[in-house]
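Next up: the structures, one after another.
Each of the next two complexes has subunit A plus one more chain, namely subunit B in the first and subunit C in the second.
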Partner chain A sequence: MAECHPVGFQWVLEAKARGATVIHVDPRFTRTSALADLHVPIRAGTDIAFLGGLINHVLSTGSYFADYVIAYTNAATIIGEGFSDTEDGDGVFSGLDPESRSYDAGTWQYEGTEVAAASGHRDQQQYKRLGKGSSPGSKSGRGESHGSGGASLQGEPERDETLRHPRCVFQILRRHYARYTPEMVERVCGIPQHLFHQVADALVSSSGRDRTSAFVYAVGWTQHTVGVQYIRSAAILQSLLGNIGRPGGGIMALRGHASIQGSTDIPTLYNLLPGYIPMPHAHEHETLDDFIAADSAAKGYWGDMRAYMVSLMKAWWGAAATAENDYCFDYLPRLTGSHSTYETVMAQQAGECKGYFLMGENPAVGSANAKMQRLGMANLDWLVVRDFSLIESATWWKDGPEVESKQMRTKDIGTEVFFLPAAAHTEKDGSFTNTQRMLQFHHQAVEPQGDARSDLWFMYHLGRLVRERLAASTDPRDRPILDLTWDYPTKGPIAEPDAEAVLAEINGWDAHGQPLASYEQLNEDGSTACGCWIYCGVYADGVNQAARRKPAGEQNWVANEWGWAWPANRRLLYNRASADPDGKPWSERKALVWWDEEKALWTGHDIPDFTASKSPHYRPPKGATRGEALSGVDPFVMQADGKAWLFVPSGLTDGPLPAHYEPQDSPFRNLLYAQQRNPVRQVFPHPANRYHPTPGERGADVFPYVLSTYRLTEHHTAGGMTRWVPYLAELQPEMFCEVSPELAAERGLEHGGWVTVVTARNAIEARVMVTERMKPLVVDGRVTHQVGLPYHWGRNGYSRGDAANELSSMALDPNIHIQEVKALTCDVRPGRRPRGKARDRLVRRYQRRARIGTSTGTEM
Partner chain B sequence: MGARTFISGWPVYRQLTGDDPLGRGAAVKSEHSATLQPRVRTASKVVKSVCPYCAVGCGQNVYVEDGPDGERVTQIEGDPDSPVSRGRLCPKGAASLQLTTGSSREYKVRYRRPHGKDWEDLELDTAMDMIADRVIETRRAYWQDEAEGRYVNRTMGFASLGGATLDNEENYLIKKLFTALGAIQIENQARV
Partner chain C sequence: MKLPDRTGWSSLVETTQDPAGGSGYGDHPPRMGFFTDTSVCIGCKACEVACKEWNHVPEDGLDFTGMSYDNTGGLGADSWRHVAFIENRRPVSTVDLGLPAMGPPAGTPGIRPDLPASADEEEGQLQWLMASDVCKHCTHAACLDVCPTGSLFRTEFGTVVVQEDICNGCGYCIPACPYGVIDQRKEDGRAWKCTLCYDRLGEGMEPACAKACPTDSIQFGPLDELRERAQARVEQLHEKGVDVARLYGHDPQDGVGGDGAFFLLLEEPEVYGLPPDPVVTTRDLPDMWRRAGVAAAALVAGMAAAALGGRS
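Take a look at the complex of A and B:
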């Protein structure tokens, strides 16, 4: 955090100054470790085992926050009889279909009911119930294609608040985590038991009624074949400790880009519509009603999904969207599986995807297996790159590694490339959503020079030009584009669209065109329009709330008059949980919101994330639905049962509980289960995307070292915004590789000299940095070396070097399709890498030595 | 200049006789340094902004000066009012003046024709027309009414991969336009 989010880290140090204990768990010793009370080196890729050890500790010592757990989590809920755990399946849950390599989540359900997930793979179970059959594309990992028969949505989940029922979540957790002992943590993660106990004791003693602990992770946690289950492990632990929805608690994702939260909320993601509404999948004869029925929940705020969805389509298609035509629901394209960026790369190579827009993104450096990215781009008809400078993704056709090694010749590459210079944040109006869901508006200071334009300008005018060309078309396929509301006002010498007008559409308006103030005003009858329901209120009263800048010193510590946070400007999600079931703060020092008996309202320092007038003693009448169905003690209002999910009955593709699996490339067998890797991870067999052998197989020891990638303070992701900036290029002038003195001695590496790092994908070179910050760990009795590589570099700009992502493979988490780049294996050898064709020859030699073939490492 | 003024002009003299014996303040100021002004003093306006790098969201003050060639950004500093950052910026944020005004930024459209050996010049308007044509052609050529017997109403012909330092309003138009065109392979850095 000190390295990559240094200004945010000031608050950690404030907390430390006030007595907080700061623990840093990381394979490397960094600037964060230097300021922490405790640094815990860990083998990359083993966090589920470590967190599992902590969960086991909390459960077996009775250190959980019992009142919180019983009232606010699904610990008491009873799971159906058909469920069997990894305990019974030696590492796999019930419902695994080896043929399609996917789970049928049917047996993971609550007894007596079915619930829809608030996020993730939402229509997993529900489609069966509708009798609509399956959807194609088992590779999507969507459970709907193999769901079980449907229990009624109307049922109430059975609960046992004594937590004794053998099938209640609490007891399932106990059994599941029993094997995650401190001894096992030591063997798997390389964390000595005394260090583990220090962490456990600090965490437990700083959680409960009077104290809270926070988890902070950088999104490297997501970059594993089990990424989602990493986060889930933290969620289980924090829920057991009562650290969610309370001040000083939570799980904080430190995201690395100015508006990466915004680009998920208003998603440029294949599987989502704005506000986390799922993109529709292809089904036979699907209507809007079917879609809503499959994806919404009977209870909780997702019960109002129809209002959000209809309002979105009204924002997009205006008057053309009517009740008679299902508000243009048929205009939406349909999914048939996963269409993530990695599937797109495969489709490009297969010749099925011929055009590509890159807007502020540099996959030739930043995406896993950089060569695969370039091979995809080399097979396009056209490529549009919009950026500040000539990044590697714009110039690979003349100077990329494959051109250098003569694997490709420029004159053979048919890709037409347009490079369009982009405008900077100082040259345009717009809002960023920071990592705490807060929108902040930045104002234009000057006009962009030359051909530089904002992406807002580019998209608006591209849409205008396309619509002009199609204006006379009678083809029904063109209706969605011709009926689109696309009349944004423009201003200034370059006809820049008015960003506030776009923000106003995102916020939404009523039938009279008046700005809406809250998503609770959205209707399902087409009388409201709203481009992103969770952002509804950001333009309340016609005022740009994201541009509010009341100085910090002039308001309370929550500071909710600075910018605007979704939903409804609430700064801490699920903050009803900061009060006890009766509505009183758990303790005075941890008070945030509470029930004011006299006024019969929720009040407090923050805006309550709860219906303001709903008493803690409210219990829903029988048959209640949506928000009304949540009781006064259901703080997790987006969940169908209002509870924090220790066990996830619906929405995940790889299990209702986290289980430790080894990374795709690992030097160790899984010590916890016979199942080596996540059985439903996604792999892409391809000559340029080979995987390493499974430990124990012949040739596995060819890649003996653990490799992890990371960022530096002075550079940003794939370098497009830093390697061309002289100050930053000077501060971090070239690619390097961190190794321990022990590894340097073992392989003859010299500090300041060169090292070649090799995987089955490629070989790169870097300057050697020998440092005690990289500590060899003892894993399962064996000394294990870890190698650290920053991944910012490419061949262009002022600060240059080989890209770390030449080494990584495309192996993905099955829920979110994110690549595993934080835990790989490699070999290191002194000296520079070979040039020209010799580079490929070296990699092929390694492949032969390791006996790598088409199917290596792809087994379930 | 008299001898007395000459002597008193020496920093060491002022250091020994004045109230700055360590020579860390007034004693060592030259006429030049005494009359120096912060770059932000001459700004014609200060524009409120947000750092474009990571997702902490530090506040920035952007100083703009009006000159003969129009307005230009002369300095970017942390915004002390921000409850997020309290005026601080990290090395990247502090370098954002160079990011936005540095000489390595491109300001001209570049074009590489199929099989071409090098970049060529292209007018922005021409490039936009050509891209619009490509989108329409590719969309048509790779259109699918159905896939595996089911209604899909889409094109798999083109894809988009965006960064995550784009504005919400920009992302909104990307998603809206490309979805209306039937494209589904719309992705961003959040996946990566």
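Take a look at the complex of A and C:
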């Protein structure tokens, strides 16, 4: 965190100054470790084994927060008889179809419910329930269930609050994690048992009524073939310890760019509409009613999805959206499967994707398997790059590695490349949404230089020009564009659209054009418009609430008047859980919101994330729906059952509970199960995307070292914002590779000299940094070396170097289609890499030595 | 360290703890300075970048030094803030730092004394020290003493500043600095160093580095207040068992009369590349001149005697 989020790290140090214990778990010793109370080195790619060990510790020592767990989690809920765990399947859950390499989640359901499915993948199952046949493509990428992802639930789940029923979640959890012992953690992760116990004891002693603990992760945690399950493991642990919905608790995702949270709330993702409404699938003859019936929940706040959806379409298509035409529901594009970044790369190579916009993205450096990215771009008709400088993704056609090695010739490349300079955040108005779901508005300081323009300017004027060209069209397929409300006011010499006008539209208005104050005001009848329901209220009273900057000293410690947080300016999600079932704070020390019996209202320091007048003693009548179906003791209001999910009955593609699988490329067999890798991970066999052999196979020892990629404070992700800035470039001027003194001795690497790092994909060179901060671990009795590579560099800019992502492969998490770039294997050799064609020859030699073929590493 | 003898040189350098007053400022603001608490430095180098941005200090080359994450190397004409990165191991026998730790640090809740010690405890704990260095703005500033043009001057804030339009590049100040801070720029021969953002101070703003520091490792303020704050911080760390915490450059009795920019360190100053007992290099000048004067007088007397004697 100190490394990648130094500004945010000040608050960790403030917590430390107040007595908090800071524990840092990371394969290498970083700037964060330097300031932490305890650094726990771990073998990259084994976090579920480590967290599973902690879960087992909490369960087996009875250290969980029992009152919280029984009342607020689904620990007591009974799972259907059809479910079988990894314990029975040696690493595989029930419902696996080896043919399609996917799970049918039908057996993971709560007993006594029909089919339940969470926001992500709920569509597929629900569609079956509606008798419409099967939905297309299980790998359709509907697993984006973060944020407000909720669940659809039909019927009453059965519960056993004694937690003794053999099929209740608590007992399943207990059996599932029993094998994750401290001994096993030591063997798998290389974490000595005394260190494991220190972490376990610190965590347990800092959780409960009087104390809370927080987990903080940077997005590297997600970049694994089991990335979502990493976060799920932390969620289970935090729910068992009672650390969710309470001050000082939670799981904080530190995201790489300034507004990545914003870019999922109002998504740049293919499978979501604003506010985590799923993107409709290409079901035959689907209507708005079908879509809502399949995707909305009967209980909880997702029950109002129709109001959110209709209001969204009213914001986009205004008067053209009417009840008669389903509010232009047919104008929305439809999914036919997964269209993630990596599938798009494959589609480019197959000639199916012909045009590509890159806006602040440098895949030729920053995405897994950089060569695959360039091969894809070389097969496009056109490519638009918007960035500060001529990044590698804009110039690969004339000076990329394939042009250098003569694998590509510029004159053969048909891609027309457009480069449009982008304005920086200081040159435009706009908002950032940070980790805490808080929007902060920033104002323009200077006019952009030269031709540089904001993204808002580019999208607005592009839309305007397209609409002008289509104005005379009578083709019905042009209506979705021509009917858009595209009337933002512009200002200044470059006709910059008014960012506040966009914010006002996102907030929404009623039938009289008055700004809405809360998403509870949204209607299903088309009388309200709202561009993103969870942001409703950010422009309440016509005031830009995100621009508020009231100093901390002038308000209470929750500081609700600095910026604005969704939903409804609540700073802590699910904060009803900060009070006990009767509505009293668990402890005075950790009081946040509580039930005021006299006023019959929820009140407190934060804005309650709960219906203000719903008494803790409220119990829903039979047959209640939507918000009314949640009782006064159901804090997790976006979930259909109002509970935190220790066990996920639906919504995930790779299992209801996290289980440890080895990374795609690993030097070790899975010690926990026979199943080596995540059986439903996504792989893309391709001559430029070869995988390493499975441990134990002949040739597996050709790539003996664990490799991890990461960022440094001095540079930003793929370097587009920093490698061109002399003041930053001089601070980390060159690509380097961090190795331990032991590995340096083993392979003859010289500090300050050169090293060549090789995988089945490519070979790169880097300067050698020998440091004790890279500590060899003892894994399953074997000394294991880890190699560290920052991934900022590329061939362009002021500071240059080989890109670490030349080495990584396209192997993806099946839920969110993110690449595994934090845990790979490699070989290292002293000296610089070969030039030209000799580089490819070296890689092919390694492939032959390791006996790598088309199917290597792709087995289930 | 205490000066053995103060007599004789005070006429050349200010001896008071009010260097601005000593330089002739009548009604002047309090002496301002930096307290750099290295125990909370995260090595982000924001201070280096902010300093260069504000003061238009040029970028000075892409050199991979191999000195941990320090590619700046040291203070110089083109680096007025420098973050040092030191990777070392602390012997087990000494009291635990409570800061960086690969083994169990003392005072960590839940520590298990019953469990076997790690290898780290035998090797000593790996620590990664980070510290942002800067011009010390000495009470007795030798650079100021030797400057023949008046380019270097004492400001009303008690800080020491070079005026780039007056400096003639004679370079006398360079060897005069006991810390090796002030440096000549190769291109123009003039001397450059931290101004403690004199221009910002005049506007009531804090220096750029302190403003940019995310963890308040660099604190700016009236020196008296900073010294009190630093003393409290050291005591707090000692209470937490961090016995190795110590102040550097805070003592008005040291060889430079105390620094306007002082530090909290977690190791001996040498570990950070700082001189353990800096002494103002002009300290002995008055004495030397007096002796030279005596010698000259003796010489003149001798010559006169010789001349007289010759006549006789």
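Everything that follows uses one rule, which is that the second predicted complex is superposed on the first by the 837 of 860 C-alpha atoms of A that agree within 3 Å, B and C clash if a C-alpha of one lies under 4 Å from a C-alpha of the other, contacts with A are read in each partner's own complex, and residues count from 1 in each chain.
Everything below uses one rule, namely that a contact is a pair of C-beta atoms (placed from the backbone, for glycine too) under 8 Å apart; a residue touches a chain by one contact, two chains touch by 3 or more.
Computed from a prediction, not measured in an experiment: that's the story for all the values here.
Superposition of the two structures on subunit A shows subunit C clashing with subunit B. In the superposed model, A:Y356 makes contact with subunit B only, not with subunit C.
In the superposition on chain A, A:A66 makes contact with neither subunit B nor subunit C.
Using the contact criterion defined above for the overlaid structures, shared-chain residue A:Q193 touches subunit C, although it does not reach subunit B. When the two complexes are overlaid on their common chain A, residue A:T435 makes contact with subunit B while staying clear of subunit C.
Once chain A of one complex is fitted onto chain A of the other, the partner contacts of A:H283 are limited to subunit B, with no touch recorded for subunit C. Judged by the touch definition given at the top, the superposed model places A:H425 against subunit B, while subunit C stays out of reach. Of the two partner chains placed by the overlay, only subunit C lies in contact with A:A34; subunit B stays clear of it. Once chain A of one complex is fitted onto chain A of the other, the partner contacts of A:K775 are limited to subunit C, with no touch recorded for subunit B. In the superposition on chain A, A:D412 makes contact with subunit B only, while subunit C stays out of contact range.
Two complexes overlaid on chain A leave one subunit C stretch from 114-122, 150-158 or 294-302 clashing with subunit B, and it is 150-158.
Shared contact residues on subunit A (touching subunit B in one structure, subunit C in the other): 6-7, 10, 713-714, 726-728, 731, 798.
Residues 45, 47-60, 62, 64, 70-73, 76, 79-86, 88-96, 98-100, 102, 104-119, 122, 124, 127-136, 138, 141-143, 145, 147-177, 179-192 of subunit B are the ones touching subunit A in the complex.
If you check the complex, the residues on subunit C that touch subunit A are 40, 42-46, 48-49, 52-53, 59-64, 66, 68-69, 71-72, 87, 89, 98-102, 104-105, 108-112, 115-118, 126-130, 214-216. For subunit A in complex with subunit C, the residues that touch the partner chain are 2, 6-7, 9-10, 13, 21, 29, 31-39, 41, 192-195, 197-198, 200-202, 204-206, 712-714, 726-734, 736, 751-752, 767, 769, 771-773, 775, 798-799.
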